[in-house]
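Here the structure is laid out as structure tokens; the discussion comes afterwards.
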Amino acid sequence: MQVILDLCLVPLGVGVSVSQYVAECHRVLQEAGLKHQLHAYGTNIEGDWDAVMAAVKRCHERVHEMGAPRITTTIKLGTRTDREQTMADKVQSVEKKLQ
Amino acid sequence: MQVILDLCLVPLGVGVSVSQYVAECHRVLQEAGLKHQLHAYGTNIEGDWDAVMAAVKRCHERVHEMGAPRITTTIKLGTRTDREQTMADKVQSVEKKLQ
Amino acid sequence: MQVILDLCLVPLGVGVSVSQYVAECHRVLQEAGLKHQLHAYGTNIEGDWDAVMAAVKRCHERVHEMGAPRITTTIKLGTRTDREQTMADKVQSVEKKLQ
Amino acid sequence: MQVILDLCLVPLGVGVSVSQYVAECHRVLQEAGLKHQLHAYGTNIEGDWDAVMAAVKRCHERVHEMGAPRITTTIKLGTRTDREQTMADKVQSVEKKLQ
């Protein structure tokens, strides 16, 4: 099962600046070989359900290892059985309607 | 790693009424033996990360099997390494502050 | 336009314990006279769109006034034009399917 | 109060394809003169709290007018009092950590 997932991980108890933790999550996604795209309020990821979810778990583990005692994460995720769809497809289908 | 997770699964392409799909997810959580609590905009679940995530995946599989061609899900999830905390603890710590 | 909204406000830069800020948001909702229900990962609120959104803004203002320099909030919200629906209706429609 | 907001609006009861509704929301944001950026699982918006929230409401109204009887929306939103921050700043602060 393929999934497109929007990940927004927020460490608590480490002050207001969270960019180093988000950067570390990007290294996790990179290491996992998953297609991903940073945006201003999260990171979009696409891939096989199990691979994507394993990476999300690894992000939590890694951010705790960096010293964050608490993490709250918001995820949006989509699956479909009617057809294959990539992150790029989703953006393009909206842009086509805007022309 | 323990997790507290808020699950809100929305099937698309099956009309406006989604309660039968939410009910099916509750059966999945029940079968998994996970502590869970329905509320007006989702279901809170607590347990081991892998067990909870396996149940979330099973919910997607089951709702697709019921005929929904597309699903979009919103999840909030929290982990902490400083102490153990249950769903009941979270509610109580707020209620204490309200007294 | 009526709305059912799930609010999860997270103050950053104030340590790991956030219950006093959540409690303050409950006072804001109380003062606004809005029907609301605390759960383990947020608070459900129901009411007129403008009244609910004014209360959400007031929560942000109040939590900043309490000293939180940064807030990240996750909201789920639903509107419908086909029929009226309360928070209690939503829970009951799932529970009926589980009987 | 400035806000950075991630909007993901999902119409129900209109089939599996939602791109025309997302496109309409972009027209609403355009008309409102708000800075916004489409991504694969939502749209980031930045601006004054009241202007952004008025646009979110207008999106719901417009999508209902297009025929969607039910809408469920997921929003992430951030405010801060310690400093000004744009959507571009947020992405850059992570990218700097990745160099």
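To keep things simple, chains are lettered A, B, C and D as they appear, and every chain counts its residues starting from 1.
Methods note: a residue touches a chain if its C-beta (ideal position, glycine included) is under 8 Å from a C-beta of that chain, and two chains touch if they have at least 3 such contacts.
The structure displayed is predicted, hence computed values, not measured ones.
Q: Same or different: at the subunit A/subunit B interface, is the fraction of residue numbers used by both copies above or below half?
A: same
Q: How many Å are there between the centre of subunit B and the centre of subunit C, using C-alpha atoms for each centre?
A: Roughly 18 Å, centre to centre.
Q: If you average the CA atoms of subunit C and of subunit D, how many Å lie between those two points?
A: Inter-chain centre distance comes to 19 Å.
Q: Would you pick out the residues of subunit B that each touch at least 2 other chains?
A: 13, 16, 69-70, 72, 74, 76, 78, 80, 82, in rising order.
Q: Touch graph across the chains, line, ring, star, complete or other?
A: complete
Q: Show which residues of subunit C lie in contact with subunit B when the two form their complex.
A: For this pair, the touching residues of subunit C are 4-6, 8, 16-17, 19-20, 22-23, 26-27, 37-42, 44, 46, 74, 76, 78, 80, 82, 87-88, 90-91, 93-98.
Q: Quick one: which bits of subunit D touch subunit C in the complex? Just the residue numbers, please.
A: Answer in residue numbers: 1, 13, 49-50, 53, 57, 60-61, 64, 69-82.
Q: Given the complex with subunit B, which residues does subunit D contribute to the contact?
A: That would be residues 10, 12-13, 15-16, 18, 69-70, 72, 74 of subunit D.
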